[in-house]
Amino acid sequence: MNLDLSETQQMLKAGARELLARECPYDLVRETEGDPAGFSRPLWRQMSALGWPGLAVPERYGGAGGSFMDLAVLLEETGRALAPAPLFSTAVLGALTLLDAASDPMKDDLLPRIAAGQALATLAVVEPGGGWEPQDVKLQARRDGERFVINGVKLFVPNAHASDFIITAVRTAQDAGPEEGVTLLLVPGAAEGLTPVPHRNLASDGQCEVTFDGVSAPLSAVVGRVDEGGPVLRRTLQRAAAAKAVEMVGSAEAVLDMTVDYLKQRVQFGRPVGAFQAVQHHCANMSIDLEGSRLAAYQAVWKLSQGQEAAREASTAKAWVSDACLRICSLAHQCHGAVGFTQEHNLQLHTRRARSQEQAYGDAGFHRRLLARGLAASQTP
Amino acid sequence: MNLDLSETQQMLKAGARELLARECPYDLVRETEGDPAGFSRPLWRQMSALGWPGLAVPERYGGAGGSFMDLAVLLEETGRALAPAPLFSTAVLGALTLLDAASDPMKDDLLPRIAAGQALATLAVVEPGGGWEPQDVKLQARRDGERFVINGVKLFVPNAHASDFIITAVRTAQDAGPEEGVTLLLVPGAAEGLTPVPHRNLASDGQCEVTFDGVSAPLSAVVGRVDEGGPVLRRTLQRAAAAKAVEMVGSAEAVLDMTVDYLKQRVQFGRPVGAFQAVQHHCANMSIDLEGSRLAAYQAVWKLSQGQEAAREASTAKAWVSDACLRICSLAHQCHGAVGFTQEHNLQLHTRRARSQEQAYGDAGFHRRLLARGLAASQTP
Amino acid sequence: MDFRFSQDEEQFRQDLLAFLGAELPPGWEGLGDDWNLTLATRRKLAERGWLTMHWPKEYGGQEASPLLSLIFNEEMSYHRAPGRDPFGARMLGPTLMIYGSEEQKRRFLPPVARGEAQWCQGYSEPQAGSDLASLSVRAQDRGDHFLVNGSKIWTSLAHRADWMMLLARTDPEAPKHRGISFLLVDMRSPGVETRPIINMAGSHEFNEVFFDDVEVPKVNLVGERDRGWYVAVTLLDFERSGIDHAAASRRLLDDLSAFLRDDESAALIGGARRWMWDLLAERYVEAEVARLIAYRVAWMQTGGLAPNKEASISKVFGTETFQRVADTGLKILGPLGQLTGDDPRAPLHGRFQEAWRHSFANTIAAGTSEVQRNIIAGRGLGLPRG
Amino acid sequence: MDFRFSQDEEQFRQDLLAFLGAELPPGWEGLGDDWNLTLATRRKLAERGWLTMHWPKEYGGQEASPLLSLIFNEEMSYHRAPGRDPFGARMLGPTLMIYGSEEQKRRFLPPVARGEAQWCQGYSEPQAGSDLASLSVRAQDRGDHFLVNGSKIWTSLAHRADWMMLLARTDPEAPKHRGISFLLVDMRSPGVETRPIINMAGSHEFNEVFFDDVEVPKVNLVGERDRGWYVAVTLLDFERSGIDHAAASRRLLDDLSAFLRDDESAALIGGARRWMWDLLAERYVEAEVARLIAYRVAWMQTGGLAPNKEASISKVFGTETFQRVADTGLKILGPLGQLTGDDPRAPLHGRFQEAWRHSFANTIAAGTSEVQRNIIAGRGLGLPRG
């Protein structure tokens, strides 16, 4: 057992924190909220220069050959800084999915460009009225000779409007089992008939609605095998849930830190507000939630990183962290008083994103219902 | 609007508190826990002498002609004192059900004896694997000429082993709608084939398992009409839920009072424990829960007392109070420290009963599911 | 005991509902901030005498019972109706009735009753939040006027206000509760500057207000000089009320229930599920309890009692219920819940995410939940001071 | 990073499970209090060296890592196995290693390692609970011995104990933390009287212990005279651990899941419903988080770190999780849940109501949740003292 980060990971983390402290002040986060691109290209260039997009890409594709766990260490820091950059979409949703399932030529083509930060990739899963499971994929891709023609809508696709490639989960067979008949197609962001429009959401975090109006994809665009994308998608979603949980842990830690700092300085009734027992217990509860969150998220990432089956760990992590992070933000507001509620304050940047992060790849209730299904079916989680 | 008790009710309440403070010390509660009768006959005689069993029985049957609301005022006090007496079973489950549905001869026969405290009555509803709705009644009563023959088991029948009459909900028709085919039968406690055995439960509060082994009941024992007992039973259960909620409010108030008293006296770290903000906020939360509980319980009782439809109010009350009373007891334990956990302390008497009261006539989850059913069926609660 | 409203009270509720049906734009959702509509509706409310119905007749009121005010606030909140006047009608009025001079009453109250004057409340300062008495805005005695310097913060509607109820320090040497005075300040006075504060819901409700040698005539001092703290505390008691939050919670729940019951709209989130109804039922129970607690506060006032612990309970429970309702709605709506009203896919016009963002302010403004719990434990239950 | 146990650790877990399978009576449910079984099992654990496996070899230990101790405690708790020794092995041992004289170690530790001596902990007094340092049991210097008078309370297992770790006041004039000494008292000394306290779960775990002119030889003083507070505080750090609660929670959940999965037993409560599984899943998540937090504490100890905030977090979260698990079980079991083990209809032998009744003690004993949260906020987060 070793519940510490490795020395390399600790260096990676320290370096990331330093870079982001310098290059990604909260002002950048605030500015990017109004920007249609949804992220900062200069910041992305810096991340790319440091090799972040390719951290978990094998060396033969120009990456650093690190693990998903290594990548998660970065995501904890980008989560902490709320860094407006497509690292999650490109490195987790894009690169790792391709690594899992793509053909060698596709990997040879794409991964080096992704690793170099030259190509952005993302994943389109959830649909109107649908959830986060392979069986929820309804978007039709009609086989037409040597190509698929896609018509329909995907929602909440991170950074779609700036992505070079959108790995799109589509349904290619109707009467198959719930996980069968799903195919992953690599669709260029510039494909004809594809229209990404940023959602207007409370976090202004660059998620898009993507309309497919007769978008055409050749057979060579299939990631993995036709009709057999279900298990790949399931695994991808588990990784996404675990990585999102780690990102939220970083954000929650920043929230606790800024709260404790404020409470030490802010004086009311002749003493620091942090000396009041009710406020102290708010902070203790935040600390308890944070401690559990980090361990649950790390465990899920680590198991996935090891290539182990980790459905239960991923759901446990996302279920716990989604609620815990929102509880932490709520208590932080209560500790900050009115000032934390203003647009000028950094706290609310975290709070608004926590709500969007909660929903990404399934909220606590969704993951608990997954776990409950397993329990009833006699697997102890 | 008038959210105060009437002057008469206030006098009734003050009188009840005085009597119970004198005649029902906690030692009596403790002694009665080990007693197979499950209640104190001397205490019951005193209550009877004051006319409590007949408080809500019309004067023409020898009662005081009061309302269900008047009776609830007493139940709040017996709940506060944890009074080991069959007032709830006889006056709420027995007398009010008979008043609602019994034939005139049955009323003429029984109500005067009940009002005088000479006859004890109770109600048998819930069955193994069953819930608290009329459709859950499965106990078979087979028609055999001019009589019914009952075979099966009822659970959690309060004071059954000491009751002269058990109003028993039985199923007399099979293929009817869920609420149809239910009949209420008045079964003498001494009936042949009837065996009441006190449950061994955490509250030691005199609830019984009752076995019916070929128990015979004549047609004249039907309370109301054959096969049409469902609506009567539903109303009876609403009244029972509301009355139980009021009883719990009394108990919760005693718990808060004893906690505040203790916290004012108990000194740690050179000041009263009640001066610590964390402990103060525990008490504030108890106070919030208690305030809401009383209003919700009163509203339900009042509406039922007025003869109005009050399914939603009764479920709201029992849902809220069941959880609130347990929260209050938990916080009280946290405020008391180790001493509240001892058998010698009075707090745990309330806590153990709170758990039994929670379950009686449906816990919070049960009543919320009832409300949810109504919501989905387009009735706003 | 009687949980019904009287016939007169029910009649008033019907009259008010008819008024709202007639005056509010069709399909009114209470979205956005239409100040002209607010002012127009306020004048119409004033015409009917409802704006200040709880005031004495001589100042433009109807001496209505606290229960009528309760109904007024409940329905206005449920219908998200514009036009109420929390500052002039609900705070300044009752305060001047107790502490104001006859001249002040005659001068300041009628415009409020006519819906013509907007007031704001100059209490909080950057360094004086929960610890309000540590405020430092100075008001120096200059003979016939006070000279005011300093700044206030979190001043709702200051940018719309004609007048401010200002707490300022007139004796810096005295113990902190003893050197404060309660002044009425013309917001158009030279030296008053207002700067907006945008909140996390993206809306402009709060302001900072700066005073640079602002002259306030001494006739605008309410009550005794240096005794303004006691005036201020009285006013705070008019501020805590849970009915707005209970009614707003109920409205959100009703909206969401209707959304789920309609197969077409429910399909947008994948259809209604049993767990959604179970969660909603849990919140309905809380909203109902919040309503009853708020009713009890009004009922006590009807009997001439001053609810104290009860008002704090109502405020805490109402605001926390509203937070839970908003949170539950977002959990039920799933990913779409985060969409703001300007996204065409936003269910219920993005109402829930907006409510959730606003809900953080409710447990802080008008006395934090922590301060309210201190009050419940201390003044309410008699526990010793910490 | 590696969430797996090592092969050796996994092997130990298998050995322990095999031992438990062989030694515990068939169908062992851990119900009731069979002291003879406790003693017999303890001796067998001692024979294998497991009872004091974390001790140095020279005193009968195996210098096992904290992770092995963790596994030991996790499995013993999960299997509700009798025989562990929280006082002698987990408190006295580590304390004497630091503060004890060589003679004390040689005299007192081997019997503990052999599972032959039962210790108890004489800390709390009626007027000294959370504020332990205000204790008033007196130990007067009488040359070669101390003369002890006063009484202790909440002394677990005092009625079974051979020896007590006693905190007593040796200098009543000194500031309260400075006049306390740590003494080892033979429970068979004349003047020691033990009276049982029955708890709300109906069981006898606690006692009051009275001292009437009890003579304690000075060789039984641990550490310096009047410096016993610091010995005591060290010991308290060995007391907080969440793994017992995490494992006990998990066991309850597994039992209930099995009960619900079996149609025959589930029929007793009307069959398994989806809301039951949803509630159980929520608790499983918490039990898993509690487990990880406890693992982290052990992992830190493995690296020679002294978990402080983390140990408090583990204790609070573990005990509160256990309370929620017991509560959830009773809600799922419905009316039958309240039945005690001696009622033939009691599901799961009445285990859940028993667990629930016991659960109230867990957030109080060994430092209340409030004290733990003070530690987390103060020592952990560096917030200023209140």
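Note that the chains are named A, B, C and D in the order they appear, and that numbering of residues resets to 1 at the start of each chain.
Here is the rule we go by: a contact is a pair of C-beta atoms (placed from the backbone, for glycine too) under 8 Å apart; a residue touches a chain by one contact, two chains touch by 3 or more.
Keep in mind it's a predicted model, so treat the numbers as computed, not measured.
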item	value
Centroid-based (C-alpha) most distant chain relative to chain D	C
C-D against A-D, pair bridged by the larger set of C-beta contacts	A-D
Between chain D and chain C, distance of the C-alpha-averaged centres to the nearest whole Å	51
Centre-of-Cα separation between chain D and chain B, whole angstrom	39
Per-residue overlap in chain D, given as positions that touch at least 2 other chains	274-275, 278, 370, 373, 386
Chain A residues counted as touching two or more neighbouring chains	276-279, 281, 369
Complex contact set, residues of chain A against chain B	276-278, 281
Touch list for chain D against partner chain C, complex	274-275, 278
Contacting residues of chain B [partner chain C, same complex]	1-6, 9, 69, 256, 260, 263-264, 271-272, 274-277, 279-281, 283-285, 287-288, 291-292, 295-296, 298-299, 302-303, 316, 319-320, 368-369, 371-373, 375-376, 378, 380-381
Residue numbers on chain D that touch chain A, as the complex places them	1-6, 9, 67, 254, 257, 260-261, 272, 274, 277-278, 280-282, 284-286, 288-290, 292-293, 295-296, 299, 302-303, 309-310, 313, 316-317, 370, 372-374, 376-378, 380-386
Touching residues (chain side chain C, partner chain A) in the complex	124, 127-131, 134, 153-154, 197-200, 202, 206, 267-271, 275, 323, 327, 330-331, 334-340, 342-343, 345-346, 353, 356-357, 360-361, 363-365, 368-370, 373, 386
